[in-house]
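To keep things clear, I will list the structure first and then write my remarks on it.
When the chains are written out, they are named A, B, C, D and E in that same order, and each has its own residue count from 1.
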Amino acid sequence: MTRDAHDKDMHKNRPLVGAEPGTLSLPEGSPSPRITLHVYGDESYLSREIESPGEISRWLAGSETVWVDVQGLGDEATLWELSEVFSIHPLAIEDIVHVPQRPKTQAYDNHQLLFTRMLTGGREGNIGLEQVSFVIGPSYVVTFQEREGDVFDPIRRRLASDKKTLRTKGADHLAYALLDTIVDAYFPVIESLGDCIADLEDEVFAGKGDGTLHALSEIRSTLLMVRRSIWPLRDTVNQLVRDDVECFGPEVRVFLRDVYDHCINASEMVETYRELGAGLMNSYLSVVSNRMNEIMKVLTVMSTIFIPLTFLSGLYGMNFVWMPERDWKWSYPILLGVMVTISVGLLIFFKRRGWFRKR
Amino acid sequence: MTRDAHDKDMHKNRPLVGAEPGTLSLPEGSPSPRITLHVYGDESYLSREIESPGEISRWLAGSETVWVDVQGLGDEATLWELSEVFSIHPLAIEDIVHVPQRPKTQAYDNHQLLFTRMLTGGREGNIGLEQVSFVIGPSYVVTFQEREGDVFDPIRRRLASDKKTLRTKGADHLAYALLDTIVDAYFPVIESLGDCIADLEDEVFAGKGDGTLHALSEIRSTLLMVRRSIWPLRDTVNQLVRDDVECFGPEVRVFLRDVYDHCINASEMVETYRELGAGLMNSYLSVVSNRMNEIMKVLTVMSTIFIPLTFLSGLYGMNFVWMPERDWKWSYPILLGVMVTISVGLLIFFKRRGWFRKR
Amino acid sequence: MTRDAHDKDMHKNRPLVGAEPGTLSLPEGSPSPRITLHVYGDESYLSREIESPGEISRWLAGSETVWVDVQGLGDEATLWELSEVFSIHPLAIEDIVHVPQRPKTQAYDNHQLLFTRMLTGGREGNIGLEQVSFVIGPSYVVTFQEREGDVFDPIRRRLASDKKTLRTKGADHLAYALLDTIVDAYFPVIESLGDCIADLEDEVFAGKGDGTLHALSEIRSTLLMVRRSIWPLRDTVNQLVRDDVECFGPEVRVFLRDVYDHCINASEMVETYRELGAGLMNSYLSVVSNRMNEIMKVLTVMSTIFIPLTFLSGLYGMNFVWMPERDWKWSYPILLGVMVTISVGLLIFFKRRGWFRKR
Amino acid sequence: MTRDAHDKDMHKNRPLVGAEPGTLSLPEGSPSPRITLHVYGDESYLSREIESPGEISRWLAGSETVWVDVQGLGDEATLWELSEVFSIHPLAIEDIVHVPQRPKTQAYDNHQLLFTRMLTGGREGNIGLEQVSFVIGPSYVVTFQEREGDVFDPIRRRLASDKKTLRTKGADHLAYALLDTIVDAYFPVIESLGDCIADLEDEVFAGKGDGTLHALSEIRSTLLMVRRSIWPLRDTVNQLVRDDVECFGPEVRVFLRDVYDHCINASEMVETYRELGAGLMNSYLSVVSNRMNEIMKVLTVMSTIFIPLTFLSGLYGMNFVWMPERDWKWSYPILLGVMVTISVGLLIFFKRRGWFRKR
Amino acid sequence: MTRDAHDKDMHKNRPLVGAEPGTLSLPEGSPSPRITLHVYGDESYLSREIESPGEISRWLAGSETVWVDVQGLGDEATLWELSEVFSIHPLAIEDIVHVPQRPKTQAYDNHQLLFTRMLTGGREGNIGLEQVSFVIGPSYVVTFQEREGDVFDPIRRRLASDKKTLRTKGADHLAYALLDTIVDAYFPVIESLGDCIADLEDEVFAGKGDGTLHALSEIRSTLLMVRRSIWPLRDTVNQLVRDDVECFGPEVRVFLRDVYDHCINASEMVETYRELGAGLMNSYLSVVSNRMNEIMKVLTVMSTIFIPLTFLSGLYGMNFVWMPERDWKWSYPILLGVMVTISVGLLIFFKRRGWFRKR
């Protein structure tokens, strides 16, 4: 995880301490809202970008399902207009803007609010984190995203194509489909983290790799971040399933249970990888210890063999007047023999201790 | 655990993000279904391989119990046909195909769905993991396996043999017997892991073993994998016992409680071995530290004794013109005496510090 | 965290063991109470410092909302007077004075008691911890602070300015606003701790930093202290939301739920940082181990190459009478060649073991 | 724990996977049942060994309390006979034979089944683990033990002696007394483990002990084994207390609560010792590290002082033709002075760093 | 914690395994009971030591409140007499004598039993642990202590002094006051442990201290012991508050809630210190590692610089006949120059690697 992503995850874009409720503090760097309207029924399908939220009202009156997709939270006026069109509570608008919210759901008189976190990227790209807020009404769904780019393209294609599966269903089914897509998008990310851990494991046991430690530390941070997203999301979906939330029909609730299963799966995978990561950290420490052991053994073997030999040669390098051995003819070959004996003796000693066994 | 098995455990064969429900994404490499039909009653027993699911229907009408054993999930058409014969919900077929599912059970109008994970192998062979899905109806059981080969052979033998115990019971008893076999098959695997840990412990304390660390890490990963299977399986069986699931008669429910007991036993054994594994990791680190200590002691004893001696011999190897000791007759023996004194003094110093005690 | 702050956090200013209930033991060093009175309604706003609690009574009779802000707990008489004016139970006065109390709330006949902990400071300054006790009545709020200085200035400004939002609401809304301010003031502190951890992580992996270990240890202690405050505060707010506490109107309870959400957020951030801190400790240990490895390698490479060479040169420095090599013409260049060969051989040996790879 | 005991604890004597229920797989090495019959009332007491279970029936008809003590499970026929006499369910007989069962209790129509684990040995002897299964009927208790030898001797003595306390009570009181004895027998074992930990702690801090690590590891394994026994036993006793199990009269239930208290005590002691053991492991690692530090310091002090001195003496051992110092009269004493200065300087340097302080 | 205290905490003074209920096994070394009688009402106060429990009866009949304080459990007869006077159940007398009991409370027909653990000592003295058992009747309180000396002196003084606060209240209020005193006496002990940890932290980071490790290990054991006392005490007090125990009037129950708050505080402080202790252990290990690093660096710098120089000087100390350099005039100064170059080069190398930075 880049430190940047981490900052986004943890540092809430929140108003000043003690500010009055209803004060919007726009997320820094969030672009102006780009609003796309999708209106569809059994027979019809319309998708266009609109300029002002006012245009939406006349579509809401019809019998068709409306999906308003808002990408970017950078303009306060537009957000208040939307709040008016869909009569969204000011506190809810605040939660939409003050990203990141903890995933949660709240029931209002005429709509259900749902805050989720979308994970993008994965195997090849950088991991991105974005809040997606849902306003789910009887015949409409409004989604608010922090910025452009999301995982909803398959839904858009399914709406646009002539398959009737999605178009014949109501707004609750659309909300389910979007939520399902968000949850399913967690898996490639988690799996890519799992692959990284497996790669790191290979690296650790192969004993190579410059940045293994740093990489492992980053993966663990990222898993922590994903965990912070998936656990409350799981609770939220469970709440939708369990509490018989009004805006979801009984037929859709069956599908929500499926989404809940996926959430459980995702959170268990995260936990498993967290454990594997912790175990790997331990293995890494052991490998480092082992390597140190090996280095020490090389040093000790070399030093221990040559230190006495060097002493002996130093001994007979002394210049004392009276050193009888110096003048004997066989001193030199005898000393060489002694030296060989010492070396071999020490080598046997080390071998007996198992220092030459590869471990 | 081989990395391959791990991948199978974690990487779900799931459809693309945002795909329409009802899209089957067949598991890569799964063979074509091989369907074996078992039809039995008090007096009769028939077992044959069939080509097309259509043949099954006429057996279902009879009063005998039918077990359809499907091995391999590689052909979409056959699966849809089966779904039609037993009126299986499309979402259920998806769960059957999109392996691995988390063990769970779901009630439908006319049958109960049960997803389990079968562990094969153990003491001698490689550990394999496979999803076994059950469709349990009033007079039939359908089992779906990812590939051929399972732990059900004793059941087949008991059906084929003239013992009437199993044949006189209904489909719910068959389902119980199969589930019991799956759970019982966990024990040899878990026990073999426990044996591996005991062997590794011996290796660790004997101080030998090249790949101890790697082996320990693998066993811990495998235990994690088994744990991921046995815990939800335990919950699932508990749900069957507790929820008075319709398809199991009261007589069978007593036996299910026995299966639940086995699940608890298995999961507790896994937890115990996980703790033993973690403790062993610690012991390993300590053993490595101890060994390093010993190496350092050898080095330090040798260096510390010979370094001052070598210095002394170097001293009297100097070529200064004026070095009075050089010319004394007893310099050499006196110096040798000094050297012996130093050596003995240091040895006593080390002995006092307990460096020669074996630990 | 300075040890001083820690002491404040843990060492309760409590009466002697076995003392009679109702004995006040004033917090050491707490200044004399400075009482500020805020009286406001739709149209009116009054704020003045008062000398004696007796003056308050005549304001309580009116229809306006009264906020009595007591800063400093250093005078027993004043506290008993206040207790009389607002008929506060002696046990409650004790809890107000015997700081720090665990955050909690208690219902009395005519008012609600609320004990909270205010965290001040953060990014730039020192972290301070102070108990703020609330007495919340039908038309008044009394706040007791240990000493002057708090996070309530925005509330004071909002009351003083002509915006009517806060003034038109009752005492319960004021209590909410103050509580919200206290909870929101946790975030800058927690975030600054998170930033410190991120900085330390950079330091750890850059391998520099004298006091990294000490700093990390201090941050972890501080997180523990914040955790000790935020968890019971979270429980307390939850209790206010859940128990339908009488003194909070239904309209305010919606806002309290928002405060509860903030508490959850804060506590989860603390947990996340605690985990990151623990992981960082591990990384630090690994980095230290790695560095030791590197140092050992330098030593071993140098020693191992030069030790045999030094031995060889010592050998031919001996003064034996009979050493045939000494007198050969090519002995010297041959020996130099042997030495180069040994060195190169050892370097190749080390290279093969990967000792020169940077890791 | 010996590996043998561990194997007994973990490796269930279970039938083959998929075997038919009702198939008994006798525990390997279990002796033939030795059946002792105790029949007692207020005035009478009879104790004899019987050959065949058939003899028991005529005693059951009487008004006296019957205790049938079966030691050894090595004969299938006898077990089935007993099952007939007391109408024990086949599944229950299986659980009695397939040791070890997890402690549990099950209600049947005319009796209560209770599976417990008896811990023998302790301070002086080896720790043994044995399953004791109870069948508790209205006027009889049957106990099944894996082999001869148990902790019931005090009960036998109390029955045989003329004290009427136990003889005047019914079968439920006998069952309680036996269960109480089993639970109380845990304490000497746990306490002996605690003593071992305390001894090991002394050893660790005295820095001696060859097998400390191994011993610590074994104690932790044994604690894990005891924990695996005491926790489910505690749950089982709690179930007996809470569920108003029919076969225990209200008067005995008071005593069962006492047994439950003992179970809690035992399990908490185990947890405490487990924590102490884990802490001791940490201390051990630290002590090892400290010792390495000390060794390194000795080596470093010696090397660092003598290495420059040796270099200097080597320098003036060179044989260059032109070395002016060589020919000066005072070179030698000056050099000696320089050497002393260097040594003292380095010693001061080390002292300043606190290397000579004992730690 | 001394090993002695630990033994007292863990080794129960329990009767032999299988002993008959009602057999008292007196705590070893407990002195003979010293019974002090306090009888008081609004106007009267009497305090005297009595010889035989029989004397108490006539005071119980009166309208005054009676506190019987029994210090020492060393005489069976006296205990049975007391049991008769207050009609205490034999099982209860057993629990009073078989110290230490886990803190718990039990309701009997005419009185409430309460088992607590009193912690004495703290900042200056040794930590002592003692069981205090309460028998709380309508107009009397009996307290049993293991030995003389307790924390009740303030209560005695309050009873003896003319303040009427305590004397005008009933027996339940006295029981509360005693319990409150016991719980409050935990705080000085826990705080002194916290101070020890803070001192140890200073020692660890100052890098000094011989017995740091041992001291830390002892503090952690003591915290574990305190935890074993405070947690069940907390549960017990909670039970008194929650269960509307008959013997405590509604007015006293408010005060019990206060005691419960103190228990929570104490247990949370223990947990915090346990975490701080664990963190400190980690820091200690890191500091040890760092110190080893530093030692290694000194050794490596010295060795690495002088080893090549020593080799060079050894080289030109050889006595070969043909060594051209030996005879050159400038060889010696050139070699000195080479040596300086090598030294400076290595110093730069080490500086670049940051080895001279203090960390």
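The rule is short, and it goes like this: a residue touches a chain if its C-beta (ideal position, glycine included) is under 8 Å from a C-beta of that chain, and two chains touch if they have at least 3 such contacts.
Just so we're clear, the structure is a prediction, and the values are computed from it rather than from any experiment.
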Third chains touching both chain D and chain A: B
Distance from the mean Cα position of chain E to that of chain B, given in whole angstrom: 42
Chain C-chain E separation of Cα centroids, rounded to whole Å: 26
Multi-chain contact residues (two or more partners), chain C: 285, 289, 292, 296, 299, 303, 307, 310, 314, 317-319, 323
Traversal of the chain ring from chain B via chain D: B, D, E, C, A
Footprint of chain E on chain D - complex, ascending: 151-155, 158, 163, 165-166, 177, 180-181, 184-185, 187-188, 191, 194, 198, 201, 205, 254-255, 258, 261, 264-265, 268-269, 272, 275-276, 279-280, 282-283, 285-287, 289-290, 292-293, 296-297, 299-300, 303-304, 307-308, 310-311, 314-315, 317-323, 353-355, 357-359
Complex contacts: residues of chain B adjacent to chain A: 3, 6, 10-12, 14, 16-22, 91, 102, 104, 207-210, 212-214, 217, 220-221, 224, 228, 281, 284-285, 288-289, 291-292, 294-296, 298-299, 302-303, 306-307, 309-310, 313-314, 316-319, 323, 325-332, 335
